[in-house]
Structures are given as C-alpha cells and as structure tokens.
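Both complexes below contain chain A, partnered by chain B and then by chain C.
Up next is the complex of A and B:
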C-alpha cells in the first residue's frame, strides 16, 4: 500500500485539448488533495465540461498528463479509472429498478448477485432510499433520482467522485437540502470530490477549494474566502458575487476614478482598479462619523427588495453609480431620488490586478 | 352575454363533429379492401365475385391441402426472417453510426440510405438480376433474402434513427463510466431502451419482404415466394384461393401487431 498522504488524489499537468480549431483547454495544472471537495467553477463555454469529461476518461487530452493517486491514467479508459460520476440529468437507466441501477457497477465488477444486492441496498440506505429499491427511476421525484444517482456513483467505492452540475434541475429548497446531503456523504466517506458548476453561490457554500475556470484556463485556485475577497482578476471578481469595480488613476492619496471619486485604501496598490463588494458599502441618512472611511453623497436611483436584504443603485454626485446591498429593515428604507450618504471602509476597497490578457494588450 | 359564448360552443361542437366524421371516412377508405376480400374468401363459387352467391370454406381447404401453397408460404417466412435479421442488424449499426460519430454527415447518409425506397422496384429488380446472375445467386432463396434485405433497410434505418435520436446517450456514457465495456453498455442499456423501435423495425422489415413480388419474380426459378405463387395463381386460373390467403396474411399481421402493441404497452407503463 503506497503512502497516500503525500500523493494527490488527482493531478493534472499541462493538460491541453483542442476541438478542431477551438482551444477547449489551453494549459491546465491542478492538484486535488485526498478527501478534498474541489469545485470547478466557470460560465458555460469556459471549458469546465471538457475538463470534467477529460478527468472522467470520456475525452483524452492532446498533451499533458493526468494521474489518479499517483498512477498515470492519461490514456486509461473511463471504466479503468474507478471514478464515480453523477451526471447533470442523472443518466439513471429507466428500464432497470432503482436497486438494479445501483447494482450495475458492482455487476460490471463481477460481484456475485447476492453481494451486489447487499452492497447496493446499503448504499441506498445511506441516501435514505432503501424502501424504494423496487421502483423505477421515473416513479421517483427529482431529488430522489438524484440520490439514486449518488448511491450508484459511490457504491463501488470509487477513488474520485465527479459531480456534473447535479443540482441544476432541482428547485431552490430541494437544492439546498441536497447540497447538505452530498456534503455529509462526501465527508462521511472521506471521498475526494470534484464538483462542476456555473453557480458561484453553490461553489462558495460547498467547496474546500474553488478553481475558477474561464477561456480554457484556471484563472484562480483558492478557498472560497480567498476567491471572494482577493480575486486575482476582474474576470474572477465579476464572476464571484456581485461587485462594484472602479477604474482610474493612482494618486498618492488613493485611486481617483475617471468620474472624480477618490477611494483611499488600507494598502497601497498600482493596479488602477478597486473592487468594492455591495455589502461593504454602508448607506445612511446622515453622514457617518468615524475614521478610516471613504464618504460620498449620492441619490438613490433604484431600489430592489429581495426579502432578506435590499439592493440600491446609488448615483454618487460627481461619480459612478454604485450597487449597495444592505439588510432589509422595514422601518428605514430609502426611496428613489432620496439623498443618502455612503461610506466605505478603506480595508474594503480591494485592489484587483489586471487580467493577464488585458495586461498584454 | 351568453349568446357569443353559446355560439362559440356550437362552432366548437361542429368542428369536433366534422373532424371525427372525416377520421371515420379515412378509416373506412383504408379498411374497404378488407371488407371486400373477407367475404370473397368464404365464397362458395369458383369466381372472384362480390358479394359471393354462396358461402363455404373450400378455398381455405385448397390452401391448406396444397403442397405448393404451403411450400411457398414456408419459403416466404424463411426469406422474410433472414431478411429481417440481416436488415435490422445492418440498419442498427448504420443508425448507431449516423447518430453518433458521423453526426456532420448524418443528414446526407440518412437520405442515401433511403435510395432503395425511391428507385423503382422494376429497375432495382433488373439490376439485382444481372448482378446476382454473375454471382450465381439467381434461383436461390438466399439470393431473394439478400435482395430483400436491401429493400428493408430504409424502413429499419428510419425507425431506428428516430429511436436513437430520442435516446439519451449520457446513459451509455454513464454505463461505461461505471465499468461496462461499450459492447456491454449497448447490450444492457441502449438496446433495452430502444426495444420498441427495434420491434417495429423488425415487423416492418418482415412485412416488406413477405409482401414483395417484383424482386421475387426476377430472382426465383421454379419455386416461388407466396406473393409470386399468388400472382401465378391469378394468371393461370382466377379462383378465390388468393382471397383466402390474403385473409390468412391479414390475420397473421393483426396478431403480430397486437402482440407488439401489448409488449410496448407493458414497457410504457413502467417507464411513464
């Protein structure tokens, strides 16, 4: 038994894949630790699906190397990789019962029918569907089908679990409970999991680390906190959460936007760009008192009530329009064209580096 | 207030009535030949006359007691079964090809595959005759079966391509990811799900071959398939035996269709 503590569960080295003339993946380097929950987050067309299919073994790279627990699997067929996968639309076999679906990977591994049935029942019990073994997939709800797909993907004790946007077909409430359930199962099996999604909220909620992918390359790899508060590029900043991005010229006091606002920052920077998250802006009737803040006056352009919080668009006098998000408070809402004061702490004005591509231009 | 609403209702009622009347008319048009052929088959006289003067089962007796009719029937079944198996096997592979790897060519290939349907059967028969005479296949039952296979292929391909286009290929991918080989995945996962398409394709292929006359006339020698025997029968002596044979064919087809329908129904309720 090799020592796995120093071996990454999955290692991708300079993976490149083109379809015709299109670069699907330009140069992917990625290491996933054993037991980790890693999310590959990207918009559609970013290459994330190609990357997933490549890890699963349905696509082979043009160049590069792929290893699973230290073993080179670059050219190994999908079945040899011992990867459990949950497809976007579950891909359950409709002509087989739930139990037969879960038994399928065990049968393919030549388990006896009895042994396969026992293990499959146990896997179904783990997703609380042991009473549904005799039903057919179409007789189950979306969430239940999802859990069958999950049971089928883990029943043969795979080395990796791949989840391809598994929650996109579920309604919001069900999605949240499924997210918790998947996370619990993953933790209890200590199963290295790679999760593909375009939903940044889902990525932030579930992941140990997130790899943001766009235009065929990994833009940033880090914990949800790092990705959210310290995006390394505009692309990442705009993709994760909502953001105000202000551009201008660097002066000794801070960044002066082309519209004339001056933003002082906690730490100096030369990027010429500042990211302010909408929830970092305080909105008040009277000018705020207190030290290290940037203060602006402005007028409410619009208000959107989203239940738990309220989103305002505020036209800063002699400046940009900022998006502000604050907790909803029925007693003190602001009306359109009302004059308000905005304050932003210096620490919340975060510099954003130029995108690699923009810098080259 | 109620006036325009009741008028709307009346026109809706009228249009629905017209639609069902029209449907029945078309149905009648389609079954009319059957309504004629069944009484004739039970005719007591020796001529094809409708309505018959008297009734008997003597033409059924003639069929069942004549060795040449039975031989022709058995030959047709043999040719039909072989042509069905070959055309479904080849058509399935072809349909897999054009719904998978050859996607950008699929439109063209699909149309080319329909060529045997478009070429006039007499032209096809003549060319088959000249080709098969070089190959020594004229006058053999398997020669007819091979020629029928080509004629059956378009139907098989149309049905199976439609079936495979609806099938979610992710399932086959999933099966492979779960450890199945491509072949096992097709056998265990894909085929059971397009079973109804496969059955319809096989049924249509068999009917196409069983009913085919022109190719059979060119390629058979002294013996003949059932349609050829029927044709010879009217040329030599017109008697109601062919009506009896037709009724037997119809009964057979109805039974097979009923069985297929039941098989698909059982499956449909499970998957619904």
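Up next is the complex of A and C:
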C-alpha cells in the first residue's frame, strides 16, 4: 500500500458510515498535513460528530481507510491511535484531582508515578494551572477545567489533537482568550490539530484550513479566505458568514435577477447565482460617483445596531431586499424608510456554482 | 425578624411536621425493641448472653448465618454489577422494560417465590428433568433442602436490592468519561478499575449493605428451602420462641443479631466515607 506511506498526519479515504438506514457519512476523503490546524465545520446533524468519533476510534467505518502518519488505523482501538482529545464537556474524571487527571494517560502508558507526576506538572504549568493540582475538577471554573482537559490531552505527546466543540460552554470573552491559548499551545507544540465546530466565526479565526461538512460529505476544503470569498456551493456560501444570494439569468451585460436588477460581475455565473457579502455593499445618501460599479436606489426597511457595525435591510426599487453591513458611524446613520444609494463593485459579485449534490437533499 | 429567630422557627415547625412519624416509630418500633431487651435480662441478668456466647452450637449458627449472607452478597454483586452496566447502556425504552422486569419479583410475595423455587429444584422439577434430558445426570439429584437451594433462592430474592443502587450510580456517570479513558489509553480493565468502580462505589456499598443486612435476617428461604439442613439464626430464634417458648433466649439471640447487623452497617458506612472522601470534600467547598 504505497499510497499510505506519505507525510500526511491524517488521511481518510472513501470513509462511509451508516447507522441503521441513515447515511451518517457518505464518502469522506480528507488529508490533514502535519502541524496543520484543520477545522471540520458543519451544522448539527451534518455528520461532523460521527466523523470526529471515527477519527478518535470510538466508531469504525463501514468501508474506507484511515491512516495516521502513514499507518493504517482503520480498525485500531481508540487507545492505540495516540490521539489527544478535548471533549465538549471536558470529560474530566470527577474522582481524581487535577494532577491525577493529567497523570492518567501517562499511568496508562506505564510511566512511573514520579515521572508521570513531573510531566503532568509541566503540562499544567503550560496552561498556567500548576497551583491547582490538588483541587478536584468541580472546584475549578469552566475555563480552568478546559485548560486541564487540554493539558491532559497533550501531556502524552499524542500524534493528533482532537477538539470537540470545546468552547461552546464558555462565555464570549473567555472563549476568545481560550481560542488564543489553544492556538498558541498548538503552534508551540507543532501539534496537528483537528477542531470540530458549528461556529463559522470560530472556524475562520482559528484554522489553517476548513473542511465544510454537510449531509455527510465534505462540501468544500480550503483556507478561511477561500471558503469565505470563493464558496463552491450555495450551502457553503450560506453557512459561512452572512450572504446575499441573487438568482437570475445570464445576459451579455451581466446577471439579470428575476426581480429585474442588472448585476455586472467580473466573470459570468454558470448557475445563474451570484453571492454578494453584506459588507461589500456601500451605502450612501447621494449616488456614488465612479465608473463601472453596480448602482441601485432603495429604501431602508430596517436597521440593526450591533455596536461596531450596523446592519441594514434595504428594499431595492424594482429588485430584491439586500442585507448591508457597514461600520457604525454615529454621525451618519440611516433611518427606516429613508432613501439610499447602494453600490457594489463588479469583483464583489461572485458567481456561486450549483450545489454539487442538490439532488441528495 | 432576625435570621436566628427564623432558623429556630423553621426547625420547630419541621419538628412538628415529623412528630407523627416519630411517635408512630417510637410506639410501634422502639418500644417493642426496648421491651424485648428487658425480657432478655429478666431474672438472669446477662446470663442469657453468657449462655449464647458459651454455647458452641449458637456460635456455629451465627457463623453459618454470616457465611451464607456473605456468599449471597458476593454472588449478587457479581450478577448485579454487569447487569446494571448493561441496563444503563440501553435505550430509554429498553431501560424501562429492564427495570420493570427487575421490579416484578419485588411485587410478588416472598412465599410465592420460595414455593416457585421448591418446584424448580424438586426431584421432578424442570432443572432435574433438564439435566437428565441433557445426559448430565442419570437419576434426579437432591437440589432442594440444601444450602445450595437456600443460597439460590436468597440470591434471587435479594438481587433487586443490589441492582437498583448500583444501577442508580452507574447510570449517573457521564458516558464521555469512558470514551475519555479509552482514548487516553486505558484498556477495558483499567477503565473498570480506575473509572467505573470509583465512580459507582457508593451504589455498590449501598447495595452490599442492603443485601448483607437483609440476608442476615432471612427466615422463609432457610425454613422452606433448607429442609432443616441449613441452620441460620432466624430459624434458631423461631425455634426458641415457637417451640421452646423461651422468649428470653429468643430475645437474646435477636439482640445479638441486631448488634451484628448494626456493626456490619457501621463498617460499610465507614468504608463509604473512606472511598468517597475526595468527592465529599468537593461537595463541601
């Protein structure tokens, strides 16, 4: 099997898994490079949890192959895979102290108690919890428990680190600092990390690459930029960030939407669909001066103030309702039913291909 | 109104609430026990106790009772632990059915179940017939009227008392802890000894104390399934009271049995304290 002998940290080939009559995963092909931070992003029910459990070794695939650093692990038990995992609710052992929790994987690997204690203390120091070794998990805050779980997952120098929605139980501020901390630890250990989440913002912030999964298949694999600006399907476009999807027919001048707007775009769309991100639309009182951009007049339908920016729903005269996002400026806010001008650059009207597996829905 | 006054008031009102139960328990339970205790001292002072302690037969019966109770407890533990784990992994509907099946025997009279065992274990009973049909034995063997029959019956009747507390504590364990243990390199044995047992030890000890204490006082099973060959303390007490009308001696034996039960209970209680020390600390902070 020469194709398994390469440097990819994790390689999944045509992985398929069915539960009863439900196809959890239809055909997963994925390669994760060594040292990479890869996010598996998908809504609930997309199959991402099954994929995670399959990588971890808690379920085995019906067919397909899984290799870790070139070694076939398709049927290997979880303990044999040398994967450190942080569970959604941390799964710390409540009857063991923090230090004993971190020592656990080392003791299972027959390290001496002394050695295990030394290594575990060092791992706890790395997450700034060395003073908390004697406490029990319940005596710690959510963020601290999370860091213990992280220390326990990396203390035995695993080949892969798996993170299962680890930040979902934390409040916003704590989540951001934990995201930074995990990123730093991952980078300093040069540890290949697979991160599971349904939070697209988190995925964009943390990842080297993102695999968007839905209906049991990977819809798109790419860098955060690629995924955000060049979604390969409507599903991906709608799942990542906010989006205006405009449908119509292609004409030589541009896309003529069914509502009658003409959108000039840099390249023609084969599917008759164009994606415009809300922040790519400029909103002004006076018609914008300048050449080849798309210009529309419309009326503000609603305004949502979100602090740093403002979101407007604008009814375009003889056209669709567009979502517009702009930086908040106390001096120049628009009021409901005020008339405004919208302008969109050609390059920001991005053609979106048809969903590859629309028939499967 | 200050806080202390409120607290005192709350305590008084809760005392008022429990008083009917206390009076009932006192009259129907503690008073007869006290009476019994005084009976044992009548005329003889502690002579009855000395007689029991000095009598080889009585001590033998006490030891035998403890031995049978220990066997039943161990067998029930070995049977109930895996079963409890199995039930905790079932679907909600499966759990409901399994627990219902566990509870049915508790709703059936002990006497009925004992007679059922007599039928099962009889010379012409299904077990003997099956063994003959399988060719394991040529002629019926004596299954009833033996210690085996007593232990089998007691094990069956007391199983729910072991199973339910263990099931209760096992089902409270977060399943991701087992995944975590496996993922961190623990095999089945380590997962059992390092995660499952410590996290369910409270239920195990509760089950053990219930079954042990109940099996020390069981009467019907040894009487009907033992066929006079299995001397236990409950039979001895019944004999003293029923046949010899020696109420003082029956009371003495009962008092000693009660002390043994209480000591057993205290030992297990102490063991529970030791095992779950860590988590008690956590709860108190």
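As a working rule, the second predicted complex is superposed on the first by the 351 of 361 C-alpha atoms of A that agree within 3 Å, B and C clash if a C-alpha of one lies under 4 Å from a C-alpha of the other, contacts with A are read in each partner's own complex, and residues count from 1 in each chain.
What we mean here is this: a contact is a pair of C-beta atoms (placed from the backbone, for glycine too) under 8 Å apart; a residue touches a chain by one contact, two chains touch by 3 or more.
Computed from a predicted structure; not experimentally measured.
Asks: Mind checking the superposed model to see whether chain B and chain C fit together on chain A or clash?
Replies: Aligned through their shared chain, the two binders clash on chain A.
Asks: Touching A:136, do we find chain B (first), chain C (second), both, or neither?
Replies: Both partners.
Asks: Output check: A:334 vs chain B and chain C. Expected answer is one of first, second, both, neither. What do you get?
Replies: Neither partner.
Asks: Answer with first, second, both or neither: which of chain B and chain C does A:85 touch in the superposed model?
Replies: both
Asks: Just to be sure I read the superposition right, which of the two partners does A:58 touch: chain B = first, chain C = second, or both, or neither?
Replies: The answer is both, since A:58 touches chain B and chain C.
Asks: Between chain B (first) and chain C (second), which does A:104 come into contact with in this model arrangement: first, second, both, or neither?
Replies: After superposition on chain A, A:104 lies in contact with both partners, chain B and chain C.
Asks: Taking the superposition on A as described, I'd like to know which of chain B and chain C A:37 touches: first, second, both or neither.
Replies: neither
Asks: Scan A:312 for contacts with chain B and chain C and give back first, second, both or neither.
Replies: Touch partners of A:312: none, neither chain B nor chain C.
Asks: In the superposed arrangement, which partner chain does A:195 touch: chain B (first), chain C (second), both, or neither?
Replies: Neither partner.
Asks: Counting contacts the way the document defines them, which residues of chain A are shared by the two interfaces, the one with chain B and the one with chain C?
Replies: In chain A, positions 56-58, 77-79, 83-85, 87-89, 91, 93-95, 104-105, 108-109, 136, 138, 152, 156 sit in both the chain B and chain C interfaces.
Asks: Which part of chain A faces chain C closely enough to touch in the complex?
Replies: Answer in residue numbers: 56-58, 77-79, 81, 83-85, 87-89, 91, 93-97, 104-105, 108-109, 136, 138-139, 152, 156.
Asks: Would you pull the chain C residues touching chain A in the complex into a rising list?
Replies: 174, 176-177, 179-187, 190, 194-195, 198-199, 276, 278-279, 281-282, 285
Asks: What residues of chain A sit close enough to touch chain B in their complex?
Replies: On the chain A side, the touching residues are 56-58, 77-79, 83-85, 87-89, 91-95, 104-105, 108-109, 136, 138, 152, 156.
Asks: Which of the residues in chain B come into contact with chain A in the complex?
Replies: The contact residues of chain B facing chain A are 168, 170-171, 173-181, 184, 188-189, 192-193, 267, 270-272.
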